[in-house]
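See below for the structure under consideration.
Per-chain residue numbering starts at 1, and chain names A, B, C and D are given in the order in which the chains are listed.
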Amino acid sequence: MIGHAFMGAAHAQAWRTAHRVFDLPARPVMTVVAGRDEQATRAAAQRQGWAGHTTDWRTVLERDDVHVVDVCTPGDTHAEMALAALGAGKHVLCEKPLANTVAEAEQMAAAAREAERHGVWSSVGFSYRRTPALAYARELVARGALGTVRHVRAHYLQDWIVDPAFPLVWRLQKDKAGSGALGDIGAHVVDLAQWLTGQRLTDVAGHLTRFVERRPLAEATSGLRATSGEDDVETGEVTVDDAAVFLGRTDGGALATFEATRFATGRKNAMRIELNGSAGSLAFDFEAMNELDVYDGTVPARDAGFRRVLVTEPDHPYAGAWWPPGHGLGYEHTFVHQVADFVRDVATGTAPSPSFDDGLQVQRVLDAVERSSDAGATWTPV
Amino acid sequence: MIGHAFMGAAHAQAWRTAHRVFDLPARPVMTVVAGRDEQATRAAAQRQGWAGHTTDWRTVLERDDVHVVDVCTPGDTHAEMALAALGAGKHVLCEKPLANTVAEAEQMAAAAREAERHGVWSSVGFSYRRTPALAYARELVARGALGTVRHVRAHYLQDWIVDPAFPLVWRLQKDKAGSGALGDIGAHVVDLAQWLTGQRLTDVAGHLTRFVERRPLAEATSGLRATSGEDDVETGEVTVDDAAVFLGRTDGGALATFEATRFATGRKNAMRIELNGSAGSLAFDFEAMNELDVYDGTVPARDAGFRRVLVTEPDHPYAGAWWPPGHGLGYEHTFVHQVADFVRDVATGTAPSPSFDDGLQVQRVLDAVERSSDAGATWTPV
Amino acid sequence: MIGHAFMGAAHAQAWRTAHRVFDLPARPVMTVVAGRDEQATRAAAQRQGWAGHTTDWRTVLERDDVHVVDVCTPGDTHAEMALAALGAGKHVLCEKPLANTVAEAEQMAAAAREAERHGVWSSVGFSYRRTPALAYARELVARGALGTVRHVRAHYLQDWIVDPAFPLVWRLQKDKAGSGALGDIGAHVVDLAQWLTGQRLTDVAGHLTRFVERRPLAEATSGLRATSGEDDVETGEVTVDDAAVFLGRTDGGALATFEATRFATGRKNAMRIELNGSAGSLAFDFEAMNELDVYDGTVPARDAGFRRVLVTEPDHPYAGAWWPPGHGLGYEHTFVHQVADFVRDVATGTAPSPSFDDGLQVQRVLDAVERSSDAGATWTPV
Amino acid sequence: MIGHAFMGAAHAQAWRTAHRVFDLPARPVMTVVAGRDEQATRAAAQRQGWAGHTTDWRTVLERDDVHVVDVCTPGDTHAEMALAALGAGKHVLCEKPLANTVAEAEQMAAAAREAERHGVWSSVGFSYRRTPALAYARELVARGALGTVRHVRAHYLQDWIVDPAFPLVWRLQKDKAGSGALGDIGAHVVDLAQWLTGQRLTDVAGHLTRFVERRPLAEATSGLRATSGEDDVETGEVTVDDAAVFLGRTDGGALATFEATRFATGRKNAMRIELNGSAGSLAFDFEAMNELDVYDGTVPARDAGFRRVLVTEPDHPYAGAWWPPGHGLGYEHTFVHQVADFVRDVATGTAPSPSFDDGLQVQRVLDAVERSSDAGATWTPV
């Protein structure tokens, strides 16, 4: 695994746990973790349970006892690492967004298609697909429970940078993160919107905005103490979007609205998706991740209503491997499911989903949003 | 109408409105309102739309142009007024609780049965039965949607006397109000529990309690200014219960729990009823009075969940006479429905429901709760 | 009052009730109602409590005993009626949208300004401003509780025409209704977004769409019986939008998203507004109209959360005139409040709000949305 | 660890994970798991990550490399195992309820007190105390945010045996489980009610009931296929309660109501606690385990409301070790926290909480409820 911070910790928990809960054809062995800082990487290896560690990620690719490379770094390094790993014949699980540019993503997708011919697999980490409630939602749509989907309403609302004194971390720098709310959280809802409906976005019309132009340098704000009003705090330019809003049209005739923002005060991780179809609707909010609201429009109006389904039954996706009904799962379980699916696919020679091509398609949507924003919000083909 | 304060205002709004919304066989004429204070009664008559007013309620009974008497006074006067009105051949709509004692209630029920033989009708004002969501709930139970009812969970939670400086109003005095939370709000959920299930309580085991023993006299606290800590505030003894909790068993084998309290800080008018049956469940909270949560246990667990039904469809009880779906009703509409039902029943010679006998039965339950509380919470037959 | 259908019934209930609940300097007398069909208008007069009725609305303006004209007809007649009424020196309360075109609205606003000089007042019926929860929300924003508003998220979701067999009623015809979801329900959230924030939309970028192109003629579907599949049903062209989605920018730097649709299956009257500011947020859904969710961002994160305020306290806007805390109001109460405010303003010579100028401004926004939609969703100045 | 089924799996996940997430002074080594069936135990050892396994739990106590014994078996074996383990000088973490009888619990508590003198520690597994939202709730009460607690409303509602064809598993047999809903889930809310308030129950008045008297033998219903109506299904007697309802009084003057049932159709794991105090209230439902509703009664009524706190902030109990705000935890995390606390306490020589004495006190409450039920629901001292 390359990278050991927030995403790394979540992935490590998944690698440790998946075979303890699911019946897998192969058992993951946590060989080595790579990071930039020797001390931090060593500590992470010990904490997270990796047998070894290194500060040179390339050495990982040379090891015969490494079969899978899990890329958990910022987006600017995904292309280089994934291409090298695939080139070395390693299966690759790469965090989203697939890359910081469409060009990189195209290269990666091409490499993945090529590698696949040699039985080397790859997947991009749109882990929210593994939320039981959303996997159940997809089944509902697929079996026609919603009829023709008319509306997609996809929001991802957070509030962690509302305070202008919050420092200029790497996620706020375009050269590292590629984009801001758009790529970090907007990418998730774009993927989900397409995956849940089974439709692809063909056009988007949108707008990116920034509410706070400069922020204290991260180094200058250790401990995140309040620095507002102090003249001597060194600041830097925020180079990504704080919020992205856009409309979309799909190849299935649905009309979609998207909103990704880090300025929705009070919303901590409100990834919300609502689909309205000719025969029914569904609504989800990650802040209540074990629930799915489902409306069956074929029931007489007198008895109809949104049904709050607790997606914790034995026959719900993933849920059966865990606890009894009503005993909910948490955020990290989506990663456990991702590892379980990936290991099973790789071991059985099945193409994992989402593929790098799926990641590329999302990247193209994000790119079209940026182009639309530059062009005055006009409809822009993906 | 006798009495013109909170309940009087709600009833007056109902008498003014019912025939504007519902097709009624007769049109109410608001002849006269009676009260104790001349000035206040005259003002109420003008504000509420009564043609006349009087401070002697007995004169109302002598008028030939009065056919219906609506009793909205405190409970200690119900018996005297209702008996006189029935004796004078007037139809009677009497606020709940029917009376302050079982003995009074028995007298009233007997008089009502006698009057009925002469085509003189009576009903007790358990207005919450007229909430569309609860009328719909009753239909669900009646058509077997819940199967055998196992549990009744009936709470009525308010918080208006949490502050010890709140004055000793008539509702806190046993000689006027009969009891406290038990008779004022507990009576409602006892009636609803029995009416919704179609079952009667046969035994109760309960406990009454008082958290604040003395309060400032109402006269001493005009404007409800904070008086705590002042030595010179005259106080009086609270003589009713602040909270009542009790268990119940029904003739249909259900187990019930009741709680009525005025000390549930933050709960303003949380009248909540949940029924769990062998085939399904339902849950209601008056703070969201246009909704009913319904669980259909015959649906596969995978797709099951509590369905939030907005009870505002054209074919929901009462709702069709009002606005389009999703345009909710409010508290006073239950009184409009009560008047509409009562007028229709009286005009067509149908026995109104709930009858004084129903009111008597509730009174017996309340009485059994008090006896059980005195006897150490032991099971006490109703 | 001109018009006596859905809106007419709601307005009539308001005219009957306002002075019964609020202390008003003048007491409305319900003189005459005008309609097109003699029989229906006579029936409405009797049902709703109008002293007289007429099929010629112009005669209303000639009467000396009529001081206020309430226009409740479809949008295509607003301009003619309101101009005539103002010309006749009558105060005018006109339903929204103010008109079907900006040109008409400009004429009306000019006439209103002129009339004002002679003490003749006018107002447009954005009745949702009179929802206690939203009036309270406005006060919160005005007193700075949200800080700088960053996001406005305004949705109005209904589902009454999801069924393609639903007939071609007047609200689906451009010549009568002006537009579809945009003007009928989108107008409400545009007005609210501006009124709540105290900011004006300066640019919009949006898209109108239609999901069902032809529908059975209303005459052919009396009783709304299912007609799908029958070849002999005469159909007509739907000439308005089924859904409108648009982005907006305000003069205060906020970014807004709007969605108005009649195809959100399961959403009956989900008028939702969320505002996110630098210091706090608030969220509202008309399906739970007595509640406002408020987030105070100045509280330490540990103790912070969306607070569900039941807007039924004595000191909440409008609520004090009604019932005790927790005893909610319904849809029609917004109209009662509107009448109370209008009567008070007219009687005291105060300019009512919203004015025809406010109505014109909303009309300009709607017009800009249509122009943006025609121009490929590009940013379009209001 | 002794026992490896549902509870065993949850505990194993905790032992594997605690030191990966929390900074602990000692690192657990998963030495050996004991079970009755050789094959099943071997499989569990492999799946759950235990180095060894045995079918003779007594051999575990003889091993020098075992320092902690985790008892996850049914209640009838707790006393024997825990006493033996303490006698062998092992620290003991014992699942709840502590024992099946008060006599056993007293013996265990005495042994624990004795062992403590030699630095051997014990704790009982009321894991729900480790839910971040409830740990936060306790802090609120402890710092006086609720003032004097008036009401405790504690429900634990499940529905897994509503179907009469559900088989006679060990949890439905008194000799193995001790009691039914009372001890299994009622014990949790009794412990929480006391722990959250810092008060002890002094008297209870309650009733136990059984809705289904006989059930198919578990062996006869492999796969839980529907067996109702088949004459040849062998059945056995259910010997525990299906539901327990009881009132309680605390030494702090609070009035409590409890309900534990396995017949609340649609409620999967609805462990709900509401506390109403003179200064505020709080409410919790385990089906939404990352949220706590908090009402601050000191805020002016106009601005007051239940605040939905997402208990996922860095400074919330336990939460800081996991993910960013809004990224919720799941059921098993309560066990991870339990292990972390236990390991930390044992390693630092601190008395773990809840102690066996705490477990004994809960046992006494359960016993008093049974005695009260036998005595006609009369108040019974604990």
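Operating definition for what follows: contacts are C-beta pairs under 8 Å (C-beta built on N, C-alpha and C of every residue); 3 or more make two chains touch, one makes a residue touch a chain.
By chain, with names taken from UniProt: A, B, C, D = Gfo/Idh/MocA family oxidoreductase.
Quantities reported herein were computed from a predicted structural model and do not represent experimental measurements.
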- Query: Between chain B and chain C, which partner chains are common?
  - Reply: A, D
- Note on the structure: Note: of the two pairs A-B and A-D, more contacts are counted for A-D
- Top of the farthest list for chain D, CA-centroid basis, is C
- Taking each chain's centre as the mean position of its Cα atoms, how many Å separate chain A from chain C? 40
- Query: Just how far, in Å, is the C-alpha centre of chain B from the one of chain A?
  - Reply: 53
- Message: Quick check: how many Å separate the C-alpha centres of chain A and chain D?
- Response: 35
- Message: Which positions in chain D are in touch with at least two other chains?
- Response: 267, 304-306, 310, 325
- State the interface residues of chain A toward chain C in the complex, per the touch definition above. 146, 150-151, 153, 155, 157, 159, 162, 205-207, 209, 211, 243, 245, 247, 253, 255, 257, 259, 261, 263-267, 276-281, 295, 297, 304-306, 375-379
- Item | Residues on chain C engaged by chain D in the complex (per definition of touch) | 136, 294, 301-310, 313-316, 325
- Task: State the interface residues of chain A toward chain D in the complex, per the touch definition above.
- Result: 6, 10, 12-13, 16-17, 20-21, 47-49, 158, 160, 267-270, 286-291, 310, 312, 322-333
